[in-house]
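First, the structure itself, so that you have it in front of you.
Letters A, B, C and D name the chains as they come in the text, with residue numbers starting at 1 for each one.
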Amino acid sequence: MGMIGGGPGAFIGPVHRYAAEMDREIELVAGVFSSDAARGKAAADVYRVDPERAYPTLEAMFAAERERADGIDFVAIVSPNHHHLPAARAALAAGLPVMTDKPLTATLDEADELAGLVRAAGLPFGVTYTYSGYPLVREARARVASGALGTVRKIVVEYPQGWLATEATGKQAEWRVDPARAGLGGCIGDIGVHAFHLAEFISGLKVVSLLADLGTVVPGRALDDDCTVLLRFDNGARGVLLASQIEVGERNGLRIRLYGDRGGLAWRQETPNMLELTKLDGRTEIVHAGSGQLGPDALARTRTPAGHPEGYLEAFANLYRDFAAQLRGEPAPLLPGLDDGLRGMAFIATAVSASRAGAGWVPLTV
Amino acid sequence: MGMIGGGPGAFIGPVHRYAAEMDREIELVAGVFSSDAARGKAAADVYRVDPERAYPTLEAMFAAERERADGIDFVAIVSPNHHHLPAARAALAAGLPVMTDKPLTATLDEADELAGLVRAAGLPFGVTYTYSGYPLVREARARVASGALGTVRKIVVEYPQGWLATEATGKQAEWRVDPARAGLGGCIGDIGVHAFHLAEFISGLKVVSLLADLGTVVPGRALDDDCTVLLRFDNGARGVLLASQIEVGERNGLRIRLYGDRGGLAWRQETPNMLELTKLDGRTEIVHAGSGQLGPDALARTRTPAGHPEGYLEAFANLYRDFAAQLRGEPAPLLPGLDDGLRGMAFIATAVSASRAGAGWVPLTV
Amino acid sequence: MGMIGGGPGAFIGPVHRYAAEMDREIELVAGVFSSDAARGKAAADVYRVDPERAYPTLEAMFAAERERADGIDFVAIVSPNHHHLPAARAALAAGLPVMTDKPLTATLDEADELAGLVRAAGLPFGVTYTYSGYPLVREARARVASGALGTVRKIVVEYPQGWLATEATGKQAEWRVDPARAGLGGCIGDIGVHAFHLAEFISGLKVVSLLADLGTVVPGRALDDDCTVLLRFDNGARGVLLASQIEVGERNGLRIRLYGDRGGLAWRQETPNMLELTKLDGRTEIVHAGSGQLGPDALARTRTPAGHPEGYLEAFANLYRDFAAQLRGEPAPLLPGLDDGLRGMAFIATAVSASRAGAGWVPLTV
Amino acid sequence: MGMIGGGPGAFIGPVHRYAAEMDREIELVAGVFSSDAARGKAAADVYRVDPERAYPTLEAMFAAERERADGIDFVAIVSPNHHHLPAARAALAAGLPVMTDKPLTATLDEADELAGLVRAAGLPFGVTYTYSGYPLVREARARVASGALGTVRKIVVEYPQGWLATEATGKQAEWRVDPARAGLGGCIGDIGVHAFHLAEFISGLKVVSLLADLGTVVPGRALDDDCTVLLRFDNGARGVLLASQIEVGERNGLRIRLYGDRGGLAWRQETPNMLELTKLDGRTEIVHAGSGQLGPDALARTRTPAGHPEGYLEAFANLYRDFAAQLRGEPAPLLPGLDDGLRGMAFIATAVSASRAGAGWVPLTV
């Protein structure tokens, strides 16, 4: 695996490294960690990658790696959003599969171009909607699919954070509030899209229309930092999506609840090893990670017995486990791919434009 | 105290009785518990009220009690919404103060009429927005007022219930889904209005506009049972109000979070004896009911030391303690009164009409 | 009802008043609230009792009340432990039933004397082991009795408090650390005995032997303030009882867990409206107060629907509801009575003496 | 790194592999995974280790690896307890550092022998008391050391599990209840020793005496499965240690609370990313993993920002990170080593013998 991005100060680069290597199916051996050569070498040191294989440019990496018997066989794109398309374009051109961070690209036009390239290349292509990798998220999906909730009628998904409640400082914050690097969306693109994907992933439903109210709370900020989006799903279910980065004191509080005509279900990312199931009669059941209550999807993505907390890195690693399976030609249908990436971009673009226009309900088309 | 409503099968009648009598300042001694005389007598028996003072009509009660040296000196109206106006009208005409359940009336016209009567009468008039009686809700209000959160920028208030997820059966359910008795609103009037009041009560802000999306999920139902309302407050703060009665497995999950530019705050009705305060630096403090951390408003409405859970009945009793103070001519400014009742009705009416019209953002005027 | 004790500064006197009157079956009308007449009158004012019926002595109360048509028909003893025997003796001599706070008396000799008097009198006699009044404690008892846990093999009951972590000041603290008023036990008698009763109440088992390690952590204190007691029950089950009043930051954290060969059960007093049931297969079920999952014992002691928190006062009121039933000659077998009081005293005395002697395992005999 | 043990069906072998490799400082390249050659090869396949380097015996591994330029430079011992001594003896004889699972050995005699060997060898030697690797455990230790609690006066540590509540079946269970493989202790050696280490690790205190009551609840079992141990620490603090493997429904509920004269502290392994701190005034503060509230020990062992749950594998990896530092000759004083291993063995042996003898309080000497 070659990494694109993830230089000094990055948060998500090391996460990809931990996740990709966890099951020992993948090894990070090269990268373009930074456009600055010195910083790239420094990153290589941190990642314990051969400094010779810390390249200054994509071109250099693809050229050099192609010559090696042990050259990289896919890339992970972990750089800010505006890099996703050029990085993916180059990788696909070099014949390499791609695992990219979300959102798919910075703009909808870029997404369209990328879609064409991916389809033409016919190579494995994954998008790291992290939270779909949690075992109990997969369990939730399986329970819904098996009818435990009956017909889903209401979905509430929230993603509160507080770390951008003040003026953004630091590498992580700065690019996320800069339209030139983040693209169309601020909060909606950074975390709203996670919530959107999670709602579709667990429910098996698709959003068909939305009403968006995106706001910018911190003065002087160019992108949204507080989002409310009303949703309608293709079976008529009603939905609410809340995402905010100005909710002081919130850490990474992604939380989803689904309600059907026969049961309900709740999951929280910050206590990810339990799933709450409710019944019409008021009964509440707690499903524990690692327990015998799990179905095959969840069990196969669990590394320790019940009571041994697994977390964010393990969830992320489950996506790479799926990706590794795809690289071997095995099916891994739950790994988010191009279509999920495109739906996410459509969601961001539609929400942003509808909110700006005060457009009320608008269709979501992909 | 004379009770109007609260006959056999009622939920809220006994609650008013518990609450009113808890501090021994008030005694239930008479009532028109039911329009059916036999049922009224049965209720008197349950309430341990002298059966002679279980009256068949309002007129009978007011006439008889007026003659007694120990006659009632106020009424509590606990009947379905469409009874609120006639009951209050008769009580005020008899010169008696009124404590009424929420919402104020069934319709906006009724509310206007009642407002005129209350103002003309100049008698104490309270509205039982129950949740404002919780000690930690009062503490939350005091903390916000003291600047603990800085400027409030975002409020999320949710009121999920699941008990009307299927066709309504039973006395409690039936009138709530019947426009003739419930009035304009279903879920929005039954519980949405509680959430609305709580947001204004704690924040000290006023909603100035809203965007409502009220839905009816259970087939054949005439009123809304699932509500999403976006809010703007008078200081520019953004808000979201969610209320639903079809969220299977939810009991009475009222929950509010306020976020300012310097701190945040969260409270949940189902674990009402703790208040979570957060700071910009990530610090979380838990404030416990009954502890030395409470300010005077909360302390004065707490009956036991920390660790001895108080609940719904004690919160409700705090409203009656305030009302009793008003009856004695003492100030009790935190008791919801006519203005709060009118704002609630405006909220319900505006949300219902705007949602039906698909009107987008509309002003909330009272 | 006449109250003995409960003068200014008392905590438990008002609690008895709230609890006794909650269901309107009992009314506080007289009392010997304090040995100081002025303080007694002040208390009467707080309780809203006719000042004429705030008596300076037990003798005065019994003499005067006997002459009244509406005289008291039982007494509640809420004074420090050393008053329990004389107060009960006088009440029983006056032919009045007794509801007394725990522990039964200050010493074992006193308990023996009281037992003789109660048996001779043949009058209703209750002991307010408060926590047995919680609906979900009664549900827990019913579930165990119905075999949900199989054979109980292990019980862990903890009662952590922190309010006596420093030198005792204030009326509540002072008598509790004074052997002349508290009697044999400090923490063990104040809260340990609650834990002991709860374990026997829920399990239906009896402690047959124990090993006690009572310590005094705060320098200069004459009684124990930190207790560990190992237990064996009559079916061979193992048990641990922890009680402490020096655990800083703990409020009133009574918590019990029972484990059988087929299931487990956990309940916490500070979140009393849920009961956790576990199965051998790892499944966890949450039983909610007020829900349809409750059996008749719990349902009959619940005043509001699910999601409307009930707490300490309501639990206490359930004991008085039972006591009122006994006064009417109806069965209320779950109300703790003389035998429970005697078992508690035997527990305290045995634990104190065995701990002082370093005696290891000793039998518990009553 | 070469692994000893960890063949098919093992739980802890893969955990060591995940943990050791997480930070990319260590690589599993060889092992004696099983005494059965075919099973050893199968394990190598799972671990993705070169099958040539899956050796049938310790001798074979040490001989072959010594010849390789890239031969292993330490071993991880992950086999059942009775293998610890022979494996460590052979590794030390081969000049290799050792990271061993706990308890140190199966018996006290073995521990003594191993201690002599380790001291003579002068090589790095670590013991994987897993829970000391959690960032918030290190934070807890630092807070106690800095005086946040004042003088520690009471420690309660519990380790409830339920998975051995029935007759043991499966590879994990079978050896743990077999004295020939587990050694002196059942539950006390498997998990009690973790609790013991955690109490000493966080408090900085040493246990000087104990009173043990170990029981065997499941019929026919040869070793203890339910343990209560009273503790005294070297500063006079009182302690209670509870460990059980028959508490149905418990997963891996390690939980510790420390109380001083100025504050208290609580941590739970199943929700490891928060630490609760309490003050004499009743104030509770929640410290979140990944937040700016952490001190350097905790921060340096945290891989993601607040709100991104880290768990068991990350905690375990922190021990390997410390061990890797020691291999490089850097200080890593918080890694448990020989002395911690010996104290654990003394604890097990003393508890087992004192419990069998009904000896009451006995000194703990190492």
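In this section, a residue touches a chain if its C-beta (ideal position, glycine included) is under 8 Å from a C-beta of that chain, and two chains touch if they have at least 3 such contacts.
Here's who's who by UniProt: A, B, C, D = Dehydrogenase.
Nothing here was measured: the structure is a model prediction, and the numbers come from that model.
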Lowest number of touching-chain links that must be crossed from chain A to chain D: 1
Interface with more contacting C-beta pairs, comparing A-C to A-B: A-B
Farthest chain relative to chain A (centres taken as mean CA coordinates): C
Distance between chain centroids, defined by C-alpha means - chain A, chain B (Å): 42
Inter-chain centre distance, chain A versus chain C - centres from mean C-alpha coordinates, in Å: 54
Interface hub residues of chain C, defined as touching at least two other chains: 250-251, 282, 284, 288, 291, 306
Touch-based graph of the chains, sorted into line, ring, star, complete or other: complete
Complex contacts: residues of chain C adjacent to chain A: 281-286, 288, 291-293, 306
Contact set on chain C toward chain D in their complex: 149, 153-154, 156, 158, 160, 162, 165-166, 211, 213, 215, 217, 226, 228, 230, 238, 240, 242, 244, 246-251, 257, 259-264, 266, 276-280, 282, 284, 358, 360-361
Residues of chain B defined as touching chain C within the complex: 11, 14-15, 17-18, 21-22, 24-25, 47-48, 161, 163, 250-253, 269-273, 288, 290-291, 303-314
